[in-house]
Amino acid sequence: MEVRIEPCYPEIDAHESRVIEDLKSSSTQPIAEPSGWLDEEINRNILVTTVDKLLNWGRKTSLWTETSFTACCTFEFISTSSSRFDIARFGMEVLRSSPRHSDLIVTAGTLTWKMAPQIKRVYDQMAEPKWVIAMGACGISGGIFADSYSVVPGYNRILPVDVYIPGCPPRPEALLAGIEKLRKKIEQSSISNKS
Amino acid sequence: MTIKLSREIINHSLHEHVSSTDYSFESEAVVTDSASLVKICEVLKSAPGIELDYLSSVTAVDYPDYFEVVYLFYSIKHNHSLTLKVRCPDKQQPDIPSITPLYNGANYQEREIYDLFGISFVSHPKLRRIFLWEGYPGHPLRKDYGIGS
Amino acid sequence: MAHSTDSVFINLGPVHPSTHGVFRMRAHIDGEVITDIEPVFGYLHRGIEKLAEGKSYRQVIPLTDRLDYVASMNNNLAYCMAVEKLAGIEVPERAVYIRVIMAELQRIISHLLGIGSFFNDMGTFFTPFFYMFIQKEKITDLLEMVSGQRLLFNYMRFGGVSHDLPDPFLPALSQFLREMPAEIDKYERLLKENEIVLARSRNVGVLSREMAINSSISGPVLRASGVNWDIRKADPYSCYDRFDFDVPTGSNGDCYDRYRVRIEELRQSLRILEQAVSKLPKGKVINPVPLRFKPPVGEAYSHIEGNKGELGFYIVSDGSDKPYRMHVRAPSLLNLSALREMLIGWKLADAIIIFGSIDICLGEVDR
Amino acid sequence: MAELILFPASIRSELPFGFWLHLAIFAIGIIAILLTSVIIFIWFERRLVGRFQLRKGPNRAGPFGILQSVADVIKILTKEDIIPSRADKFLFWLAPVIAFSPVVVMLAVVPVAGGALLADLDIGILFIIAMSSITSLGIFTGGWASYNKYSLLSSMRVVSQLVSYEIPLILSLVGVVMLTGSLSLDEMVNAQNVPFILLQPTGFFIFFIASLAEISRSPFDLLEADSELVAGYNIEYSGMKFATFYLTEYCEAIVLSTLTATLFLGGWQGPWLPPLVWLLLKITLVFSIIVWIRATLPRLRIDQVMGFAWKFLLPLAVLNILLTGSFVAFWPEAPSWMIGIANLVLLIGYILFRSRFFKPGGVTVGAS
């Protein structure tokens, strides 16, 4: 029984570890969530509100999710999209695997430092406007694994998170409530100020 | 019922190939040193009546005085099992021969032990970190690594 | 005139729709054919084994939930059995039966998901997946009844289970057991002899018997290669020796056989469940152990036939209230040992199916 | 207005700018109907797939969720337009245009009522076949220009698959052409006293399967194979360019449904209802079948797809031509039911003959 020797790519590995180390050292503090929508009431006018209404309606009604799920919460997300809870009612059943097509990252699961550059890259590749939902305790703070040597304590170290959904894992109802929160938030955003 | 192999059967099979000082018994497990590991594995894998063809798991424990690598073998044919332990007293530069050429199933487990304990497996086909990235400082499952950040 | 082609280096994963999580393969492809592949692990390495060393024995149970998150009761069971073996704790008869019921329900969930995602990888646009999920949700409801959680149950304890079955559980389970065989027949009608399914999965990704044994493959993948090895039969634990059930084995070791073995195992699980429900004794469900529980110095290895293969826990105790070392014998990781042998030479589309037919869970691979 | 659209043949003679009026009305009408129906059909497909999967599908935006696709359009059109830094910028921009335009143009020769079509070309069928090949060029360009390995693989698949399926597709139409004696679609619809699906079941079978492959719908959706190629040829496209590709995909499906309805189901012909309504009903029927197939069947592998075209469909198409040709040449006055039955026998016989080589079913897993 001859087993062929696995190929080995030391240069790629070295490069990737450099990326991981860089990201690890540069993300010691949580990124604040994009909060420009809070004080935008001032610079509103009639024209922009009407356009805003249309755009925001379109954006909130068609949130396409990127399939970049990491761990346990994935199954609650899939449950939510399956026949019983049917996320498709909100037009969200379009799971695009390409980040260019998607609007929303649902961070379902624990993030490790090895995975962090990939998730950040996916987020960077997504086209604006884009949103992030931190789903589950691990997504918020690292949860039960926060003390571990390899786990990122919360997605907000590397991504600006819009909505946090607590739970380990959150129930589908909780996820739907979180999505509803995000839709409300989108409703209140405006094209006239860049968040 | 998976039965533990008795000392007599093991002694009977091993005495022709391995000197009896190279291994000892310790509560149902065979304990040996790194020098005669591969030889013992070869014998146990092919000896008639034993034929331990299935390597269930490989793991390591960091005891205060030595590293212990624990192998658990089954025989699918005879439905019996054997625990084999290898002790490695050198805590600075522990090394143990690899049994990946014999059992392909040991491949990733040995890499895992290398990654998390820093025990190097001599003549392993690809001894690189498996879970953590290259250049990660330290070996987390060692007792001196510390828990938590 | 001979044409030569360059092989292309391509990354499958870690963010890829069909790597079942965050697995990654660096593949060399020549046209569509895979010439070499290097699996890359560790994108979900959460250090569970290290974290366990810092927690008391009971606090480790929630950690084990998160190993194979598709079937967390099985992990609870294997861990509790290892600690019970270490400390010599007896389990009441009723709890033993409840554990078997939970483990088999979890096996059904896991196999349903495995089959569903296998067909998803084959490109069926979620339909079989959602059909399976409808049944999965019914079981989830059952398990939620007993534990209050939907995914990570944390139900088992040393010496039994955390509390008794609620009153509506058994009628609901019987209802489910009545409905499920017809559902399995429905899947069979839809998929078993579908021409495209056969064309895509038969004789694809063949894993020989010798290779499977030498690579420490276990569970349905091993049985599909024709090895009759099931820990429930080979080393009966809990009360599996009191049940009458069969071990399905394949003959070719291809993707189709792996799918068939899972379907047959669904049926066998239902058989076990029926017997377990009818024999379920009365009595207490836990022999309580103290909160600050200190097992004697020593070590114990205990294994069960998990949903994906042999799931074992190796625990070393130094007499304190925390495990000195906990090792998980993760079937998902070891089932990938022969991945390269199975993938090389097949087309890219086959590779996805072969990978899907192994049915791994990344939480368990990387731990 | 409806009068004008439904009976435009009269415009030409009566009005001074008859031809231009005709052109304008039809061009605008086709594009308007096509774009509207794409939006409705996307929603229709999502709802239908939802029903296949025992769930509801989009139902929140507007009544029954019918505005769902409108929301999608608004969102996609206002998304950031990313061009990868290493992409070929010009081709990257050009590809969606190349892919989209021929699809619309194809509708020019499809009659929506008796004599009512934009351009009554004598070579209507040839025009459609020529145009349908151009789309693959656009997809290939897009996949290549993206500088992405997945999209490159996908575009390679496009070329091989689409070129292979052109041949059975064209050959399957020869039977229809022989029965009609004309290449004009208008004539073809007029000739269908009995829908050609009854006279030419083999031709219909080949045409439908080959055109499923042409538009890359399941089970031939290899270029968008989600599970292996992530998103296929449009993986790097975002915003409006992605929308164009998305539009192309559905326009192709609608055009295919239209052609199937026109060539094999009697086009606009039908009692009681207006011709346009009949045509739309038939289009919806064919589209539903496409969605049904998509929701049911797994995907084939690339070599199986190619083998199916060359080893199975091509011989069948040639046999079909021989059979129909012999009728037309040697026994022109044969009753139409006889042609239909002979054709059906050919189809069933061929499938049974070929299926000897398959060994379906069989259980390899036993319990012990």
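Note that the chains take the letters A, B, C and D in the order they are written out, and that residue 1 is the start of every chain.
Keep in mind that, in the parts below, contacts are C-beta pairs under 8 Å (C-beta built on N, C-alpha and C of every residue); 3 or more make two chains touch, one makes a residue touch a chain.
The structure displayed is predicted, hence computed values, not measured ones.
A.B. asks: Does A-B or A-C have more contacting C-beta pairs?
C.D. replies: Looking at A-B and A-C side by side, A-C shows more C-beta contacts.
A.B. asks: Hey, how far is the Cα centre of chain C from the one of chain D, in Å?
C.D. replies: The mean C-alpha positions of chain C and chain D differ by 43 Å.
A.B. asks: Starting from the mean Cα coordinates of chain A and chain C, work out the distance between those two points in Å.
C.D. replies: From the centre of chain A to the centre of chain C is 28 Å.
A.B. asks: From the C-alpha centre of chain A to that of chain D, how far is it in Å?
C.D. replies: Each chain reduced to its C-alpha mean, chain A and chain D end up 37 Å apart.
A.B. asks: For chain D, write out the residues touching at least two other chains, lowest number first.
C.D. replies: 53-55, 226, 230 - these are the residues of chain D that touch more than one other chain.
A.B. asks: Give me the residue numbers in chain A that touch at least two other chains, ranges are fine.
C.D. replies: Residues 1, 3, 6, 8, 82-83, 97, 114, 147, 149-150 of chain A touch two or more partner chains.
A.B. asks: Going by the touch rule set out above, which residues of chain B reach two or more other chains?
C.D. replies: 104, 107, 131-133, 140, 145, 147-148
A.B. asks: Can you name every chain pair that touches?
C.D. replies: Applying the touch rule to all chain pairs gives A-B, A-C, A-D, B-C, C-D.
A.B. asks: Mind listing the chain A positions that touch chain D in their complex?
C.D. replies: 54-55, 57-59, 61-62, 82-83, 86, 88-91, 93-94, 96-98, 100-101, 103, 125, 127-129
A.B. asks: Quick one: which bits of chain A touch chain B in the complex? Just the residue numbers, please.
C.D. replies: The contact residues of chain A facing chain B are 1, 3, 5-6, 8, 10, 13-14, 16-17, 20-21, 113-114, 147, 149-150.
A.B. asks: Over in the complex, which chain B residues touch chain A? Could you list them?
C.D. replies: Within the complex, chain B touches chain A at residues 100, 104, 107, 125-126, 128, 131-136, 140, 145, 147-149.
A.B. asks: In their complex, what parts of chain C are in touch with chain B?
C.D. replies: 41-42, 45, 47, 49-51, 53-54, 211, 213-217, 227, 229, 231, 234-236, 301, 303, 310, 312, 314, 316, 324-325, 327, 329, 333-334, 336-338, 366-367
A.B. asks: Flag every residue of chain B that touches chain C in the complex, lowest number first.
C.D. replies: For this pair, the touching residues of chain B are 1-2, 53-57, 59, 61-62, 70, 72, 76, 79, 83, 103-109, 112, 116, 129-133, 140-141, 145, 147-148.
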